[in-house]
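Have a look at these structures, which come just after this line.
Across the two complexes that follow, chain A remains constant while its partner is chain B and subsequently chain C.
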Partner chain A sequence: MELKEKLVSSFLAFENRGNIDLDSTVHAIRLKAIQNFEKEGFPTKKDEEWKYTSLKPILKEDFILFPNLEKSVDYKNIKDYLINDIDSYTLIFVDGEFNSFLSETTHDDCDVCVLSSALVRPKYKMIVDNYLNTIANKNNSLSELNTAFVKEGAFINIPKNTIVPKPIQIINFSTGSEKEVLLQPRNLIVVGENSYVQIIERHQNLSENTTLTNSVTEIFLHKRAIVDYYKIQNDTNESSLIDSTFISQKQQSVASVNTFSFGGKMTRNNLEFYHEGEHITSNLNGISILNEKQHVDNHTLVNHKFPNCESHELYKGIYADKSVGVFNGKVIVRQDAQKTNAFQQNNSILIDDGATINSKPQLEIFADDVKCSHGCTIGQLDESALFYMQSRGIPVKEAKALLLYAFGNDVVEKIKIPQLKTLISKFIAKKLNVQLGFEL
Partner chain B sequence: MLKINNLHANINGKEILKGINLEIKAGEVHAIMGPNGSGKSTLASVIAGKEDFEVTEGSVVLNGEDLADFAPEVRAHKGVFLSFQYPIEIPGVTVTNFIKTAINETRKAKGMEELPAKEMLQLIREKADLLEIDRKFLSRSLNEGFSGGEKKRNEIFQMAMLEPQLAILDETDSGLDIDALKVVANGVNKLKSEKNAVLLITHYQRLLDYIVPDFVHVLYNGKIVKSGGKELAYELEEKGYDWLK
Partner chain C sequence: MSKFTEDDLKKELETKEYEYGFYTAIESDKFPVGLNEDVVIAISKKKNEPAWMTEWRLDAFRIWKEMTEPEWANVHYVKPSFQEISYYSAPKQKKKLDSLDEVDPELLKTFEKLGISIGEQKRLSNVAVDIVMDSVSVATTFKKTLNERGIIFCPISEAIQNHPELVKKYMGSIVPKTDNFYAALNSAVFSDGSFCYIPKGVTCPMELSTYFRINEGGTGQFERTLLIADEGSYVSYLEGCTAPARDENQLHAAVVELIALDDAEIKYSTVQNWFPGDKDGKGGVYNFVTKRGLCEKNAKISWTQVETGSAITWKYPSCILKGDNSVGEFYSIAVTNNFQQADTGTKMIHLGNNTKSTIISKGISAGHSHNSYRGLVQISPRANNARNFSQCDSLLMGDKCGAHTFPYIEVKNKSAQIEHEATTSKIGEDQLFYCNQRGINTEKAIALIVNGFGKDVLNKLPMEFAVEAQKLLEISLEGSVG
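On to the complex of A and B.
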């Protein structure tokens, strides 16, 4: 059976397993979503937004939709994937199920807990009804698919005037207890007025089996809220990730999403910002360092609807071997969005002849009093810089690594959590296969 | 120390150096002068090992060892230093981190341990002071946004750190005002010893007022057409190059 049919036909069984309340909002949302997914199906390369990324080879696997939880996971199995030297809240999911034993949640000043409980507890009904699937419903069949099976993920609710004292780590593990597994985590994050939170998200396959993750995150920022969000994508070569993150911002809020893609077989990031007020700032930063046959596709959208807002986008990529990068950055400035400042940069370095980058800036500007710019460079390592470094005694391999390090440095510099910055620097050094005597 | 024998070099099939002979002994300062396009910078690049140039004949021998098969970094490890006419900007790498890497890679190549951080810092400060370089400057990205003078001063700072046997200074005086020129020349003079040698490449005699050469050579159309003492530089300043053709 094709994956699509398999998913559609298992929908009823899925809902029944959850003893669903037929009057609930979530049931209505799921039902609508499965119908939309059935109509749309998986995107193909004929779809303009999927021109350079094919899901076909991935979808032909015989995925298990509801993995049995056979393998138990201990702290020692996962500790390498946590940032251990910081105090943090942690939400650990194993094969799609929440693991309370390994997690640290809170309900003290804010709610850092799980969606499955938020969906059923009356206390959270208002939040679920008001926010769930209100920005993820953007005509994207993969988000619809996730919504149809919405069940588990992070639920983060920060009331107003709250600075969350420590970062939140959300980590989704797969254990490979089944041969091929499809995971669909769903995160809902609501940040109140004047509140601040830092979030680190990661997906990690603990086995050599195939995993496909179709993750959806919705983030809502109220007035003057600040969110720093970090996505660490350093999974195994058997793992593919489709991540769709939707952000809705009220006036004077600042949302920053930093995406670090080093691992995985295929990664598709859909990152969309919607403005609902004036004086909003949206920051989008990313760095991809790929080799072998890895494929990373960054699709971003910033929708400027109100005046006096700004967006800053910087994506960098280093592509070796036969790896493929895609950057599609869309910026829309609506007619009312006067005095918009929108900046976009995409810089890529191709190390080997077989590597590819498809870069497509898309600016649609309907307002006349705006400052918008985009820049796109695709290059190779600067030979004269290499000779300069060599002439100072730095061997060519180290010189190349140093130049590549330096190339990605301005993205790494944007990380506000020092321990995370160290970790990302280490990933980069490892990926570039060099140990430098210092951290940049 | 350095012996250049009948050196011929091409770039893209065009012959630039057409048989250079030059010997430099330890403790000596040599100056190479010549008009634009005579091959001065090419000679510097060929000694340093730039791969764009193809050596078709002759050899460059350092301390009895033919450098032909050595990569630029190996030549550096063996004591060759080239101060660039146009130093390259490297955004994202600070002056300090760059020089640390250069020093430690050179030490590694010689089978030595890395220099402890404290000693490194001390050395950096000492040499920065010698060249009157502001400490703040050391944490800036290498050459990025530096003025012409700052770039040249930074080149000599790196030279001071690396303590090469043979320092080739390619047009180090260009872009320097007189005060900066004095600082740079003073730095070079302080680093000079009986064990090392300096090869100055310059258009003008001006630099040679401050770094006094033992020998002056005139390069013209890929060949050394005249050699002499420092007085030759004054003669060139007065008469230009035409009389040598």
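On to the complex of A and C.
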């Protein structure tokens, strides 16, 4: 059976499992979404948005939608994947289910808990009704698919005037209890006025089995809220990730999303910013270092609707072996969005001949008093710089790595959590296969 | 002193009629509307074409029937109904003309109005003109000078008769019949166009030039241009267009094929000033053009275009850099005003080693118009040391227009070096203020700034065109700053 039919026919079974209340908002949202998905199906390469990324080889697997939850996970299994040397709230999901033993949640100053409980508790009904699935792109059939099976994920609700004292880690593990598993986590994050939060998100496969994660995150920033969001994508070569993140910003808020892609078989990042007020800043940073047959597709959209807003986009890529990098950055400046500053940059380096980069930095501008620019470069390491370092006794491998480090450093520098910065530096060193003996 | 305010400017601009919008009452030979195999055969017969050509056209027609109109471009319009167009229109003429004296005086007057009086050009300028008026070449000048050097420059219908081996070999080799909807349509029904062959090692002594006009209301114009530069030759080719004002939309689907063999160089310049429609967006020409060139070893093709006209422009002059060390260039200024829409750009396909390409695209949008740049830079896995530099700048005037860029960059070779940059801006108040303060009025200041903005491209035009192009820019844009 085709995956699409399988998903559609599993829908009823899924809803029945949860003893769903037929009058609830969630039920209505799910029903609408599954209908949309049934109509649209999975995107193909004929869709302009999927021109360079094919889901075909991934979708032919026989994915299990409801994995059995036999395998238990201990702290020792997962501790390598946590950032341990910082105090943080942690939300650990194993095969799509929340693991309360390994997690650290809170309801004190803010709510850091799980969506499944938020969906049923009357206390959170208002928030769920007001926010859930309001900004997820309805034309994105994969996010609709996620919505149809919305059940579990992180639920973070920060009231106004709150600085969340420690970062929040959201980690989704898959244990490989089934040969092929499809996971669909759903995160809902609401940040009140004048509040601040740092969030780290990661997906990790603990086995050699195939995993496809179709994750959707909705983030709402109220006035003057600040969110720093970090996505670590360093999964096994059997894992594919489709991540859709939708961010809605009210005036004077600042949202920064940093995406670090080092692993995984296929990664597709849809990142969309919607502005709902003036003086908003949106920052999008990304670094991809790929080798073997990895494929990363970064699709971003910044939709400027109001005047005096800014967006800064910087994506760097280093592609080796037969890896493929795709960048599609879309900036739309609507007619009313005068005095917009929108900057977009995509720099790539191809290390090997089999590697490919497809870049499409796209600007659509309807307002005249704006400063918008985009730049895109594809090149190699500077021969003379390499020669200089070699002449000073640095071996060519290290010299190359040093230059590549420097190339990616613009993005690494933006990380505000020191421990995370160290971790990312380690990932980069490992990926470039060098030991520099110092930390950047 | 009366003050010429921005509002006045705007008004003047809106009410400015299309300067070249006249209609010459010449009796013309016109086919009934509609398109089917019989019409295709009839066109071919009318031209006295050999059987292979008729077959070629029919083949194209069959391909076209299976195709659908492309919808990916960032333009919105009422699709032309292809069964309501007359596919052939030629000024009625009894016999072939030998000299200008025999040309219909009415026709000559038209050319004079357009400022391309043949007589004057013959005497004063060094330009050979192959004038195409409603699909049939009526006069070719300077043929003799060119003949002496072995250069063939004639209407394509003549080339089909006289040089079938060249036409057979090259026609459709760069833009195949199957390429796209409009190219297929053109292949089936093309009425005339220019053919040019520069023999080995010959540098064409003058700028070759063709003027296209669409004269008869309700006829589509399907031009076909084939330009072959043999090894080591050089040619500079100019193409200029104006069309009379008409209410119904006119369709233009041309195909231009350039072939630059080893060490050859082709410079192809276009000034396009077809009727863009009036200030309410009514009327105007639909311009769907396929232009492509092939570069062999060490060859160079340079496209320069100034696009100020047409209601809809859909045009991507491209270079296939097949040979090693070949060079492709694309310089473009596209100006849109009122309700014009332009989706234009280029494709640079790098196949050979050490190939280089440069793209400079300047878009200026005013009024309610939309101007898109759509370009592809593709480096194939075997193209070592390919180099590309692209720059697309947009200038917006007023808050109702739009500027869009859709660059596609596909690289499959590690030695490639690609740079792409794009900016969007408006005419700065401080720039205007500075000019005003120095005694330059706003109108002049805008012309100055716009000309400065487009200078990179205007510089690439041959002298004759540069002047005309600058004037066109001024006419199209004066006072549209908001």
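Just so we're on the same page, the second predicted complex is superposed on the first by the 438 of 440 C-alpha atoms of A that agree within 3 Å, B and C clash if a C-alpha of one lies under 4 Å from a C-alpha of the other, contacts with A are read in each partner's own complex, and residues count from 1 in each chain.
Just so we're on the same page, contacts are C-beta pairs under 8 Å (C-beta built on N, C-alpha and C of every residue); 3 or more make two chains touch, one makes a residue touch a chain.
The structure displayed is predicted, hence computed values, not measured ones.
Chemist: For the three-chain model obtained by superposing on chain A, do chain B and chain C clash or fit?
Modeler: fit
Chemist: Pick one for A:127: touches chain B only (first), chain C only (second), both, or neither.
Modeler: Touch status of A:127: no partner.
Chemist: After superposition on the shared chain, which partner residues are touched by A:351: those of chain B (first), chain C (second), both, or neither?
Modeler: second
Chemist: Check whether chain B or chain C contacts more residues of chain A in the superposed model.
Modeler: In the superposed model, C touches more residues of chain A.
Chemist: Could you look at A:365 and tell me whether it touches chain B, chain C, both or neither (first, second, both, neither)?
Modeler: Touch partner of A:365: chain C, not chain B.
Chemist: With both complexes superposed on chain A, which partner does A:373 reach: first (chain B), second (chain C), both or neither?
Modeler: In the superposition, A:373 contacts chain C only.
Chemist: Check the residue A:338 against both partner chains and state whether it touches chain B (first), chain C (second), both, or neither.
Modeler: In the superposed model, A:338 contacts chain C only, not chain B.
Chemist: With the two complexes superposed on chain A, say which partner A:429 touches: chain B (first), chain C (second), both, or neither.
Modeler: Touch partners of A:429: none, neither chain B nor chain C.
Chemist: A:381 in the overlay: touching chain B, chain C, both, or neither? Say first, second, both or neither.
Modeler: A:381 sits against neither chain B nor chain C.
Chemist: Looking at A:86 after the superposition, I want to know if it touches chain B, chain C, both of them or none. Which is it: first, second, both, neither?
Modeler: After superposition on chain A, A:86 lies in contact with neither partner.
Chemist: Considering the aligned complexes, could you tell me the closest Cα pair distance between chain B and chain C in angstrom?
Modeler: 15
Chemist: Which chain A residues qualify as touching chain C in the complex?
Modeler: Its residues touching chain C are 48, 335, 338, 348, 350-380.
Chemist: Quick check: in the complex, which residue numbers of chain C touch chain A?
Modeler: Contacts found on chain C: 72, 381, 394, 396-426, 482.
Chemist: Within the complex, which stretch of chain B touches chain A?
Modeler: Its residues touching chain A are 48-51, 71-73, 75-77, 80-82, 84, 87-88, 90-93, 97-106, 109, 114, 141, 158, 162.
Chemist: Residue numbers of chain A touching chain B in their complex, please.
Modeler: Touch list, chain A to chain B: 382, 384-385, 387-396, 398-399, 402-403, 405-410, 436-438, 440.
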